[in-house]
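In order of appearance the chains are A, B, C, D and E, and numbering begins at 1 in each one.
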């Protein structure tokens, strides 16, 4: 890239040059659309001709062996990793490959990381405050004040994620599972159109799993949800449509029953007795 | 007894300049000790007040103020770099102090409150160039210096001087390097090819302090010997040589007003005293030390003459005071607050000393305002009444140059 | 094999483990269960020495008082540790990650036991890739493999199935059983997933708010206990 | 409003209270006490304290970016020095024809190095408003350009630290060059008056001291305002988990740029107030070691507290003043020893000591684990 | 020049006609000659020298050499000329130049140096060079012949040609031929141009340029051709020279930075005292040379292990007393080590001296390796370059191939886990810090051969070192090597046209811009692993 292009790179810092944000256009079908995406790391093909479509309001489970490329796929959608080839569209208007992470996030794509990632030096409450869907530009953020309705909303979410008692504790001291919940809470605060949830129930008890399942199912319809999970019990409890990734591409897709009876899926993923 | 006379010592004891300045602090302490042993002056003892301005220029001003305002010293001996002097100058002028500045410098200054006991350019640079031109037959010149005001000014003066003497512009090469420059490969190689054009070439070095060791090393290693391309330095003295393996440098030159090897009894006594004071058999003396020696003795004489340490009285009394220097002659304080000095050219020897190869037939009076700079050609300084002016313009007959003449002058 | 007695631990001011008692019988798999944040991981860290205990004792192999041992020496005694969150060395290659444990081995072998690669073939395949580049599940396998390199007598597994594909979870369970049965390994397992625990553990202990509140043979793990202690 | 919010905090009230009390006491003692009274504060001391206040303001600026944004700037001296040069240029122009050579336009150093006319970048500095604007704009602009490039490219951690160091180092070398037209190594000196007030009078000195105190108060308030706003929390978020902040929709690089530029401007003001009080500005203020020293003051005082930075700056510099006078040969041992001891025994600096006294943790201070990762990775 | 001209014939006469000149052993004539030299006013020194040479005295050469080296003095009281054997300090050891007998020590006050200056020294060297043309050592003969290039005049042609007949060494013959050719070009000899066409010697070039400018058109044309060819060659040589300068400067940067690449890059300690550890290595070299006076080479070699040990020990003390308490607080190490660096600097100032110390360069490291007349590589820098590469290779081996390397990396990446795996982290910390510090000490040993050994030594390298480590990519030793070498080379490439100051500024700006392109340095840790 020439120096000039570098400076002219539109979607970086110049405020007045950033594309005007417009609502997601889902009149013509899916909310998320990946076509022929390829990624390789030092020659290793992590994503291989991946095609995937998520409909508006859908709850989709994605399963697949370790290293199938599930997390990498999320990295691509959220702008963290740039694919070598392919296209990724959010609705029919937004080409995600031309945007950076904050832009994608403000379009309404929220994400929970596989390894829970929260702001450890801030309190639980502040973590949620920052996640809240508000004007995130500099000056408005500087002048932002804590309105009562915000507080209510945060308290609501604290209730949902069961961290009410820890609201003024630093997030850094939370246990693994508690961090998972906090991150889910941050996702809720964000009110995204599309939630990407990477292994939400890892480290949760059965009962918490149930709660998570309820939560995610209740979101579906209003919001679209993509869940990656290895816990088959959990997947079964929420699944409508399941996609199986293997070696960077779709191996099977269909209802839970269809998929779990697919011999290929059993061989590479579920194992004989699952 | 009466209160002691307080002598402020304002030399860096830490930081980059500590290398050069610490010995000057020790020198003044030694001189004070000796004076006290001889009964002090006016029946009063002397007391040193030492502070460390830590090679930090604003700190120099602050410490000067501390010495004058808090400690109420009667006189200050201090500074090495010109920038530290410039920083201190407004303070000593404001608080009407006395400062003895012992280092060769670029000139272009004469303050009512400062006594310049180091060399002005006409007491070092010009005679050295004359020597090279007349005695060595140098026709091509490399003016190499550290990029700060002393080398800049000195080289400006020398350039004008050389051109006046008929040296062509392409026979002068000017090169500036940053402080502490350590990689001289390219520059030495350039000097080498500049010097291989057939004409006798010499380097006039105003390279400062730490940069000299790697410079001379590189000269030696690239095989430039004193008989090919001699280097005459204005900032390399015995102190600097004590950090260099002088074997390969024999024959390179320095111009000063004093060398430790000078064959005079005053000098030998001074050296004995210095060695006794430091307890180091290898301790060396150098030119700025001599400058402090002279300055200190002048101050004592002036106090005796004035009969008081009152600053204005001492200022008055000191002009015309004459004391022995260490080279067997006398130094006199001139009305422009500079002193008379002999100019010596020395060659580096393998024992880290210089051997004097040439000296001016008589002493030279320091010139505050150079004759080779357009702005100052007409200026003189004279701190005797009634003139009492550091910037007297002989063309206009007024104290302080005025704008009109300046413009005419620079065209 | 491991006998924990009246263990108390604090994070700064907050009392996390309260007079905790736990018995891990030799050659068996003991599973510690409990809700999030009750202190399971903390307990494991105390055993490994990553957290200091305030009072109480941890007795290993009948005669060694662990609380008096340095962290480094605990692995030398034969304790392998698979921490929660994997904790692999991200910039070391897979092979180097495994080699780290070699120094502790009693036999002084300089070679990674072939067995590890048999258990987790993916590690062999990726042995020159840096640990941090692996997928989550691959890292978990690496962490287990790494703990096995030292051929431990006691293996501590903190939620080992987390993020691993089902067939490998099963496989890990089987490996654990095999090691218990063939080599007489003792296993201390932290696990939330009931089916897994039921299938592979011999004993269980339930923790709540830093205390041990129930325990016994795995068969005794009743729905009632579960309801009482494992649901919110 | 974000600026006034800190006024409701106890810590800010305390800080401002102490600061203004100190200003008042010093002023009173200076003006009312007879010179031989033990309570008399000499104008030397007043100026010295004015200098400390400037350093304190500089330290606050550094703490803002380091403590709350995780940007360890090893080049903040550059912004300080630029502000100082802008002020110095104004003061030089104020000398007018009172210089040695009497040139009404050209400063002395230009005359005797034979400059024929004023370089273009010296124009306008004869006007106070322009010069004072440049005090803020010059460092701000440099920070903007530099930060824009660096943050956009996501340069972080030590990489950022080192290029800030490269920046100040390059500027130092550039300002050393006599060709640059800033007086080379000698810098700018021999100032006479500021806004018509003679710099060599005690009244002006006192005025500068008070101005420095007020600047510190305002600077502290601005920083505190940012820190306690939501933007402050976003900064901390960017510091600890940049990627997470991005995925929440925050333009991390803009947050960084904003705070960095504000900090640079504050540093510039500190430099501008410093110069007339010490009487010289020269390229050594650009030296990397000076910038490192600033960081050391902040660390010693206690990072991410702002008032800790003030304490650190004043304490270290006071110690320097005392030690260099009292034990000129050994003061570096004392100062060096102080740094070592504080680090080892007071992990959160002096502010940490105060905070642990109060047994209340109202500051998000734990930070190193993540910023340090850069260094360990 | 006149003295050379008049003496040459005479010398050759002596050498050629009667090489085994029977000397008069009369001591009195020697004494008279020396006294004559000592007393001669400046204008008559030439004659005094002439008479010494003319005397044919066997000891003449020794006297002249002593004279050239400022070692002839007179005792003030007696007027006796003596040889100064040791001229350091206040008392000098002297000997009788006539008998060689040692006369013990005498105060400097009692002695009066026999004055000499550069001009006379130059003439002396010329005389000695001509004498050398007859030396037994062919290298000496070659050097002597080289010195004669461009200095040949009509008087010398014949003796040189005679010498050519008998000279067996080809190199010496080439030199003499070239020297003669330069003379002949001046005389308008066309064939001589051919002989000079390949020569890179500046004198040959000067002669050819002269010919181009001269009024002999045939000669001028031919000379122009020859010059063009020479210019071509020179360009190549100067490119090679610049590259060498660059690599050599780069190797200094690498050496200075490589220890930091361990303590900072690998361990994460922001070690502001790194420069002072380098300084300790340099002072060790000085100390060694003080312990072994007269054996600078041996001392230097012994300094390599000693410098390593001294700095490593200092490193261990620093680690144990300070760094170990700062685990997990890497930024605070900056504060503490900054303090340590201040203390170490001042310690050296107080204990040793605020002044620089002299470190002698051994014979075998002085001077240059002459590739050709236009290209010679300075030896000290060549050794430093080689040393840097060896140190780098050694470190690389340790970090890649030994258990320690693995453990270091494991500990720095995850200390708790490493300890849980049985790694004795404390021991690893100590060893690693000692290793990094020791390597800094090695750098100091090498730097003592290039630059000042003084309390400021460390300060001069600390900034550059951090720059190199970071530019190369933290934690990557290869990065440090490549970064150091390339920054050095860029700097030296820029210097000829930008000047030293601007070149440095450009390099810094280059670093700033480069980091924009590669925010993790030259060799970044890529991928997820790096993000942790």
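Convention: a residue touches a chain if its C-beta (ideal position, glycine included) is under 8 Å from a C-beta of that chain, and two chains touch if they have at least 3 such contacts.
Here the structure is a predicted model, which means the values were calculated and not measured.
K.L.:
Return the chains common to the contact lists of chain B and chain E.
P.N.:
D
K.L.:
According to the touch definition, list the chains common to the neighbour sets of chain C and chain D.
P.N.:
A, E
K.L.:
Compute the shortest path length in steps from chain C to chain E over the network of touching chains.
P.N.:
Each step joins two touching chains, and the minimum needed here is 1.
K.L.:
Taking every chain's C-alpha mean, which one sits closest to the mean of all protein C-alpha atoms?
P.N.:
D
K.L.:
Hey, how far is the Cα centre of chain A from the one of chain B, in Å?
P.N.:
Result: the chain centres lie 73 Å from each other.
K.L.:
What whole-number Å value describes the gap between the mean CA coordinates of chain D and chain E?
P.N.:
43
K.L.:
Averaged over CA atoms, how far is the centre of chain B from the centre of chain D? Could you give it in whole Å?
P.N.:
36
K.L.:
Could you put a whole-Å number on the gap between the CA centroids of chain A and chain E?
P.N.:
63
K.L.:
Counting only residues that touch at least two other chains, what does the list for chain C look like?
P.N.:
Expected reply: 91, 133.
K.L.:
Can you tell me which residues of chain B touch two or more of the remaining chains?
P.N.:
13-14, 147, 176, 178
K.L.:
Using the touch rule from the top of the page, what residues of chain D touch 2 or more other chains?
P.N.:
In chain D, 152, 173, 176-177, 243, 329, 332, 369, 377 touch at least two other chains.
K.L.:
Could you please specify the touching residues of chain E with respect to chain D in the complex?
P.N.:
Its residues touching chain D are 264, 267-268, 270, 272, 322, 325-326, 328-336, 338-343, 345-347, 350, 412-413, 459, 463, 466-467, 470-471, 474-475, 501-502, 504-505, 508-509, 511-513, 515-517, 519-521, 525, 530-532.
K.L.:
Can you list the residues on chain E that touch chain C in the complex?
P.N.:
403, 406-407, 409-410, 413-414, 416-425, 475, 525, 527-532
K.L.:
Please name which positions on chain E make contact with chain B in the complex.
P.N.:
Going through chain E, the ones touching chain B are 69-70, 87-90, 108-109, 112-113, 115-119, 121-122, 125, 202, 206, 241-242, 245, 248-249, 252, 345-346, 349, 354-361, 366-368, 376, 378-381, 449-456, 459-460, 491-492, 495-496, 499-501, 504.
K.L.:
Using the touch definition up top, name the residues of chain D that touch chain A in the complex.
P.N.:
Touch residues, chain D against chain A: 1-2, 148, 151-152, 226, 229-231, 233-234, 236-237, 239-241, 243-255, 257-258, 364-367, 369-370.
K.L.:
Please give the residue numbers of chain C that touch chain A in the complex, ascending.
P.N.:
Residues in contact with chain A: 11, 35-37, 41, 84-85, 122, 129, 133-138, 140-141, 159, 162-171, 192-195, 226, 230-232.
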